[in-house]
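Everything below concerns the one structure shown next.
Think of it as A, B, C and D in the order they're written, each chain with its own count starting at 1.
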Amino acid sequence: MDRSQIVAGIDSGHVDTKAVVMSGGKVLGYASAPTRLDPATAAGTALNGALADAGMSQSELAGIVSTGIFRDVLESPALHVTATVSEHMADARGALFSNQKARTVVDLGGNVHKIIRFDGAGNLVDVAQNDKCADGLGIFLSTAAHSLGLSEPELSELALGSTGSHAIAIQCSLSAQTDATDLVCQGIAAADVARAALGYVVERVASLCRSMPLAEEVVVAGGLAQSAALVGQLRTALGVHLSLPERPQYVGAIGAAVRGQP
Amino acid sequence: MYQLKVWGAFKDYQKNRYRDYLFAPGGLRVTGSTWSVLSPLKGLGEDVYILGGEPHSASAAGTLPEEGRLDLAAAESAGLGFHSCSYLKLFVGEIVRDRIAITDGTNKEGYVRPDLVWTTHLCTQHSKWYQEVSRRLGGVPMYAIDMIGGGNAEKDAKIVKYVSDQLDEGIRWLERVTGREFSDERFARAARNEIKVLVLWGNICALNMHAPAPLDERRLIALFPPAMVDRTTDECVRLYESLLAEVKQMVAANESVVPEQRFRVVYFGLAHTYGHPETSRILRDAGAEIVASIYTFGTTGNFKGFTGKTWSWQPIDPAWVDGLDLSTRRKTIEALAKIVLGWPTWQGVRSYWAIEEMAKAMVAEYKADGLLLAPTRSCETDFRNGYIAMQRIFRDSIPTAEYDTDQVDVRKMDLPGSKRKTELFVQLMEARQRRGQG
Amino acid sequence: MPPKTARAIIEYFRGVTEDPHAYARSLQQKGQRVAGYMCTHVPEEVLYAAGIVPVRIITAHTPQAISRSYIHETYCSFSHDCAYQGLEHKYDYLDLVVTASSCIHMSEAFNVWVRFAGFQTKSYLIPYPHIMQTKPARGFMVESFAEFKQFIESFAGRAITDADLEAAIGVYNRNRRLLKQLWDLLKLERPPISGPDLATVTLAAQVMDKAECNRLLEQLVHKLAGKQGRAPAGVRVMATGGACDHTGVLDLIERLSYPATLVFVDSCTAARYFWFEVPEGRPDKLDAIAEGYLSRIPCPAKDVVPGTGEKERFRFVQQFIEEYRPDAVVCLYQRFCSPQPMDVVALKPILEKLGIPSTDLELDTTIPLAQFGTQLEALLEITQRMAPGG
Amino acid sequence: MISAGIDVGAVSTKAVILVDGEPRASAQTPTLGPEASAAAAFDTALARAGLRREDVRCVVATGRGRARVSFATRTVTEIAGAAAGAVRIWGPSVRTVLDAGGESCRVIHCTERGRATSFLWNDKCAAGIGRSLETLAGMINVDVTGIGELALRAGESPRLSDFCAVYALSELLDLVRSKVPAEQLVAAYHDAMARRISTLVGRAGVTKSFVIVGGLARNAGIVNRVDALLKVDRLAAKPDWDPVFTVALGAAVFAEGFSR
């Protein structure tokens, strides 16, 4: 495939499905849709959104590359996937696309979070992924925001303003939510609870990062990376510069589309 | 594909020990951890039937998984801790449901009550397991031996004396509580068999250092239960002597049960997550075979062990066992105490440096290409933190992968995660091999 | 300026529990050597006889996921918290860290300090019986203590004489008697000191130089003598179970919307620490120490009576129930602990037979105080037989 | 005689107005801040009953946030509330009450007069079962009450871990890879959570008669499965009574007693 051809990348994740349309190393259009346990439909919706954003139609696509946990189940009549790539590989390539000096990507997905180390050509060196108890950090954050009557961006905003030092449990989302709820019932301010909730996510991700040496530069990707408060707290916890792409949630999809081109 | 000739005899021996416990008329029924010294029980007579806690729970749940699941739920509904040992919950679950299942598929209504509990205390859960059994069955007499453990324990005079004194006390207790006369002659004979089986198993495991390895972890873990269930009988010694002979022939003829061994893998973990269909397919397709495993080797096996602080998995010469002086009860007891304290598992549980040395020796002596670690969720021991520390030791030398799993409770296993990690593990071994050749 | 009133003394002790590091460093500034210990089975008298002050490692209750990449997920919060403080170099100033082989979780916390937190050359693990009630346990302990004494003599660069040991035994027994004397006050109709305050004093005693602690305890006993506290209001509550260095949990029991009085705490952070004495004036000092430590209330991880499998601790629990007359019992257990829940499930039928309501609090690094408050208040409602419609 | 009970639960706040022993009006709002949520629920219930705060002789707060309700005359725990409320609605034969709320599950034993005699609180690994069903409903764009119906219709469904809500959801999401339809996944999730709840009830022990109250009592998917697992006859839900208000009603019953 020559570089000027138009390729779509679809990152079909546990919680959200992200699609991008790219050509000549540029993102022409992007869109996302909640997976809702039906990856094929969500992929179609996201792809159509990205095409509309790029002002193009599916017929102009030279290929569709899928990645993400549900990459193998996107075969519905309308969607002709030409290639699939593992989410680790897609994250590596997507991180390199946004920053050539990147050698590690911290992917904060809706359900699982992982750290991927790779070389300059995007070949995998090592991967670490959270254990079962730490599943669902993204789902936890949306639940925590809902329990405070906030959207996720509002929770992130509120947390920025807090200087509280309340801490909540970090074994899993249930323990964290139990303690967060308890703080609310003890009359602790919502901003402090919001900060504590982000603190749980940051602490778990930071812990995973400590189990594997991080090679500079470190890109942070995934839906949760859209929260400035969270990325800020993570940067402090890791004590390392985090390179934040413009649209962190699309790093996987971009990696798939780039993977589609030589 | 090579078929082991002794396979049927091994399965029958295991099955018959369990059937004896369930159905043999009269006799003395004893339960407890099979990590205990078993030969003192045989000083009470030949009609002593042993139900070992861990192998029974593991094999019953393996044979009838649905019953196992109901046992876990019953134990938890009866108040046992949600994070308590899964084997404990399976065992007590059968008591709560008043039924018992064994490896030949028998699913018997009505629990078979032990006359006494003879057990040990390695992890802090062990004797608590049988305190719960004794309490729920209305107060079964129970004797637990504190094994202390730790690196080079069998060379530490005060530890050998402490364990031997407890065995001495224990034998007098056995006589009192059963009203039977203890025969030192039968005890010495059973003890020599017990030690011989442990040494033979070490020899069989050591043959896997050969390339290709004659056996793989799946066969090894199926061949060591007879040593767990009752290693004190002449029949058991003959079983392991015949297995050793057959495996020696396999090595001589370069035969293997898994001929395609592109990658030699060392496995550390109580849980057989490698055996889960999806995970094992990935390993098999890549030609990655598990040739050595600390749990399977170390649970009922003895090896050369430590010289100073360096470990070796080389075997002990079986002839040494025949030369052992077991002429008095105390000499027999001390020989048994030393052999059990020498088990890799006892030494590794209480000394982190011991488990690390064993790991380094296993990777070296078995020429491993990869290290699979399976810290199990609801086993207090299982060197879990040792496995986590090993990530750091081996991460840069050979590919390692760590499963997030449980010994038998499927609810606590991260099977999707294990599958993903196995795929990655194979990719990393292949990449290393390419770099090696490149 | 030494604290004057009883309240000032109690607050001084509280200060020590809130910042044990400041206290330990103040000892070092006076030229004292300080050794941390992670488990109360460590024979502190041997350290004290060599002029080394033992201080207990207590947890900071700050959740840190860092310890998860060193200690497995399903280990108790006490072990995670201890491990974390080593990894974060909070206790680097210690001259030595010691533990006695007890439950696997605490052994692993110790291992993390030795492997990864720089205590490789300044640590010692004392082989210790895992079952207290066997006859051979005593001989094994004496041999093990002898080896420990040799190590401490070479570490401290001085011999430990029998006189040193006898003096240390005297100071420690004095400390135990004073604490017991204070806890006996809770049997009175109107005790001059509250249970939560006494639990804080007892926790502080575990991180202090015993000579200094004895002086303060003597003043406290003196100031409280003959004093009448407020009548013990409402329900008499006893806590029993695992280690609990959350003074907040015990304080909560007397800050509920129904009156309640904490009358006793059976835990290694409270009664199990001092409810025994080492026989004095014995020729073989180490044997005397072994005899004393074997007479302690058994820790749930080490409690198996040979022959019957009975749990000896439950005899002590029933003795405390007779002496302190609690109306309700709170079972404390560490989340993910193996031995403690096995004791809770075995203790429940005994409490039911005695007609004493109980509830279990699942301790963790962070605890849901509002939920615990609800559980405790429900326990009080049940104990007072509070019915709708009066 | 007018009394009120306000149950400031971890997830939602419920208020009930009792007039001469009969529930006159009730209201439910999400628990954002305890004080504000209590006031909102109370004022809505008052409006529905056509009453003013001054008309109410005694207000009793219950639930995890009860201590923060400034305008409450007294407080009782939700354990006492559940016992009193269940007996007031289902009568004196009630002995075991399962209060399955958004955040925690409690099993309460009581006397024929609605006095609690013992209780069991869920362990931390069984927390948030109610809330996790709300999250699952949100993920498939179904409202909370509908998800129970969805679970009823599905036939045979795969087995998910019933150790905790996080494990169950993690395994559910993974089954999507093998194209298991959403209804079966939702049904499997209900199976798992019902098993965990039944284990808690088993630990506490069940003596007849048995009722289920709290938010999850509205979820037929959970209730039917718990019935099947426990095999103990449960008193059916009262047609005109929403079980989520039972604890608040219990608090109002206590308020009646306190004001006499």
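Definition applied: a contact is a pair of C-beta atoms (placed from the backbone, for glycine too) under 8 Å apart; a residue touches a chain by one contact, two chains touch by 3 or more.
If you're wondering where the values come from, they're calculated on a predicted model, not measured in any experiment.
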Chain whose average C-alpha position is farthest from subunit C's own: A
Interface with the most contact pairs, given as the two chains involved: B-C
Rounded Å distance between subunit B and subunit D, as computed from the means of their C-alpha atoms: 47
Chain centre separation (subunit B, subunit C; CA means) in Å: 36
Inter-chain centre distance, subunit A versus subunit C - centres from mean C-alpha coordinates, in Å: 46
For subunit A, residues contacting two or more additional chains: 131-133, 169, 171, 175, 178, 181-182, 185-186, 211
Per-residue multi-chain contacts in subunit B, two or more chains: 78-79, 412, 414
Junction residues of subunit D - those touching two or more other chains: 64-65, 104, 123-125, 167, 170, 174, 177
Residues on subunit A engaged by subunit B in the complex (per definition of touch): 86, 88, 123-124, 126-127, 129, 131-132, 211-212
Complex interface listing, subunit C residues touching subunit D: 257, 335, 357, 359-360, 362, 364, 370-371, 373-375, 377-378, 381-382, 385-390
Touch list for subunit A against partner subunit C, complex: 131, 133, 167-171, 175, 178-179, 181-182, 185-186, 200, 203-204, 206-208, 210-211
Of all residues in subunit D, those that touch subunit A in their complex: 8, 10-11, 30-35, 64-65, 68, 103-104, 124-125, 127-128, 131-132, 134-135, 138-141, 164-167, 169-170, 172-174, 176-177, 179, 182, 185
Touch list for subunit B against partner subunit D, complex: 73, 76-79, 82, 409-412, 414, 416
